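The same chain A turns up in both complexes below, where it pairs with chain B and then with chain C.
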Partner chain A sequence: MHDAHASRAGETSVPLTASAVLVNKVGLHARPSVKLTQCAKRFAAKIELALSGDGPWTDAKSPVKVMRVKAPQGATLHFRVAGPDGEVALAAMLALVHDGFGEA
Partner chain B sequence: MAEIQLIGRAASPGLAFGPVAVLTAAVAGRMASEDPEQEAAALRAAIGRARAQLAEQIKTIQSEAADILEFQAAMLEDDALTDTAYELIAIGIAADHAWRRALDLEIAGYRAAEDEYFRARAVDIVDIRDRVLAHLGGVDVVAGIAGGSIVAAEDITPSTFLATDWSQGGAIALASGSPSSHVAMLARARGAPMVVGLGPLSWHGQPPVLALVDGDAGRVIFDPEPETIRLFELRMAAAKAELAVAEATSLAPAFVANGRRIAVLLNVAGPEDLANLDSAICDGIGLVRTEFLFEAAHGLPDEETQYRVYRDILVWAQDKPVTIRTLDAGGDKQVPGLTVEGESNPFLGLRGIRLSLARPEVFRMQLRALCRAAVHGTLKVMLPMVAVPSELDRANEILDAEFTALQAKGVACARPPLGIMVEVPAAALCAADFGAAFYSIGSNDLTQYTMAAARDIGAVADLNDTSNPAVLALIAATVEAGLKRGVEVSLCGDAAANTHLTAALLATGLTTLSVSPIAVARLKAAIAKVSS
Partner chain C sequence: MSSPDRGNVGIVIVSHSPKIAEGAADMVRQMVGNAVPLAWTGGDVDGGLGTNVAGILEAIEAAWSAAGVAVLVDLGGAETNSEMAVEMLAEDRRARVVVCNAPVVEGAVIAATESSGGSSLAAVKRSAEEFYA
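And then the complex of A and B:
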């Protein structure tokens, strides 16, 4: 992991982070996990999630790994995104969580 | 092989004899190669076949089950699930053992979860594991159950039931399950005998070939002796003869011994349930469950589709009254895109009329289709899960608005009377406060809400008893409210078809019972024996 100064040359590789609270009723459960990973796979950026801002970080494109996180309702989901379409990707992930995965 | 006799609980009456189809993956012994590369290739091929099979099933299966299968498909596509198995294969472990160990590890993770929703997903991973194991062993487990089979399983989903052809006989024998489950209701409607709660079905590696299912006594005999088969076939013949006699008289109206006329209505899920049936066997249709229409279609059915279905039923009934229930989604009947997923207690949540009022656009479309169909016969519309009079009032307002709008457009339509399903104890206790055009007692839900015992939890199934005095008192209170207000009261739950309850139900003053077509002959015979 390089620090912020070291990566100034390539702005796009600086990881973007943000968090959102899981509002849907069952947390990051089967259908939400599938929706989240399907959304993440649409982007080239590396997208990771965690239950804490310090990690451990999980590949948001893997439904198996996302399910292993077992994020319950009310948990804060942290995202870390790096890549050329990182900003759009992060916005899409946050929107999905805010929207309760379209299940509310 | 000695016969194995298991006692469970009767969930759907009738006798059946046939070959056994074990639903869980019974993996045949597999010859492993010594070569890790060949083993890895075998696993890859098995996963590929399992994925192809899943994709095929998702296309054809009922909506709620499709979501579950899509989750399984997404998991199977993910290398994170398969990596461990390939690593084990690389160090010389056979493909099937490697896959089982890797997936069991994953399953253990789910079973250890604190959150019950995640614990409940363990069964999905078990399903994924067994699918692939089946393909590794060259056994095609999940692909269709042959018609006429005795399905033996831990439990069975409604979608598996619906995907099976029951027209050639067959029956269901379950290790767990409940007589009050959705599948049990479907089995009774289709006339498929079913026994639940048999306890662990362990075959010690040798699944049974044949089975006898006695859905009257709640008994299953696996691999019966020839003498057992002979006696059972005699009983089947006798039961068939008895049914033929009952059916010969089923076209006649039902009377109790004192001359009181009892109306017998039908419960149906759609026009196909009425095919080859003479409308003379009934006094009308007491319940059309429209949610099956919503489950079968991918997505919500449009107004025109609904209109045609409702019209066809009314035409079949030839001016006899037809009661159509508005969508009763929620609870155990999920409709993707409409019902709320993951409610902590769906039976106490947004279901029935509550959901319809919360999502009025779907409700309005159904009411429009009903108003249009109403010109083809005598239509009555009933609202499920009503708890307070304001729900009926709001539904009446919406119905008025849709009817007026159709009329203004010059569309042929009529305004059907609105009645309520009495299944919430609050509605039974205060029935007279509702301005309902009729009352229809939904005994399944009324029983579960009164006894606080779920329909689908085997351990409390004994409490889920419609003959409990508390439930009968609520039924009697509803009948009294109907008499006071001068409107009809009927009962359309499973209790109507339970001939052990016929005398008790008629004693509450009920004069109208609604049952599935298969139960009409038996019910009329039972009514004739009641002497009160």
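And then the complex of A and C:
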């Protein structure tokens, strides 16, 4: 489930935000955390995630920090992305969560 | 950030138990994939619990990458023997091998995750050591 109204930023300094619900059974445990950070690392943009739209924000490129979030199934994962490839990055992150990290 | 010219940082797993070392390597392969050079070693020369310098040197050789090698160890001798193995490397290679201060299983998975994104040896070490931060 994507948040359809991902806020559009005219300039790269304004971060893009969007959220998606964790559908995979185990939530954001070890394996999904690894996949998430691997995906995030493909982009130059600064990518952060949180369980609430107000943060606290966690660096999505740090596998240790992402695992510490311990987000369960059904939790809403908020993303905040800033950088020149931010839009593509955000779409990739949302797709990954939406697809249950390929493990349903 | 990515360094396709040098390849990804290699990961070496050193445990007193060959079963733990092999199992940790299995976890890395399954969770992180095959984009990272990986080798494991465990047990003393007689096949008992322990570590041996020759085995560690072989593993470093097997996981060698121009980007460097991060070594994950469990206890005491695994660390001192790994440091000894690093000392025995050719001088130009010595500086490109680091022993991480991180738990062996978790550290190996995290180090490999970091490496698979093309991160530098320093970043791989830092990430693995975040477990104790």
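In this section, the second predicted complex is superposed on the first by the 94 of 104 C-alpha atoms of A that agree within 3 Å, B and C clash if a C-alpha of one lies under 4 Å from a C-alpha of the other, contacts with A are read in each partner's own complex, and residues count from 1 in each chain.
Convention: a contact is a pair of C-beta atoms (placed from the backbone, for glycine too) under 8 Å apart; a residue touches a chain by one contact, two chains touch by 3 or more.
All values reported here derive from a predicted model rather than from experimental measurement.
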Given the alignment on chain A, is it a clash or a fit between chain B and chain C? clash
Please indicate which partner A:42 is in contact with in the superposed arrangement: first for chain B, second for chain C, both, or neither. second
Residues of chain A touched by chain B versus by chain C: which partner has the larger set? B
A:24 contacts which: chain B (first), chain C (second), both, neither? first
Which holds for A:52: it touches chain B only (first), chain C only (second), both, or neither? neither
Which partner does A:34 reach: the first (chain B), the second (chain C), both, or neither? both
Is A:72 touching the first partner chain B, the second partner chain C, both, or neither of them? first
Running through the overlay: 5-13, 77-85, 221-229 or 473-481 are the candidate stretches of chain B; which one clashes with chain C? 77-85
In chain A, both chain B and chain C touch residues 30-31, 34, 37-38, 62-65
For a test of understanding, state which residues of chain A touch chain C in their complex under the given definition. 30-31, 34, 37-38, 41-42, 44, 61-65
Which residues of chain A touch chain B in the complex? 24-27, 29-31, 33-34, 37-38, 59, 62-65, 67-68, 70, 72, 103
Residues of chain B defined as touching chain A within the complex: 67-68, 70-71, 74-75, 77-81, 106, 109, 113-115, 117-118, 121, 124, 340-344
Contacts from chain C onto chain A in the complex sit at residues 1, 31-32, 109-110, 113-114, 116-119, 127, 130-131
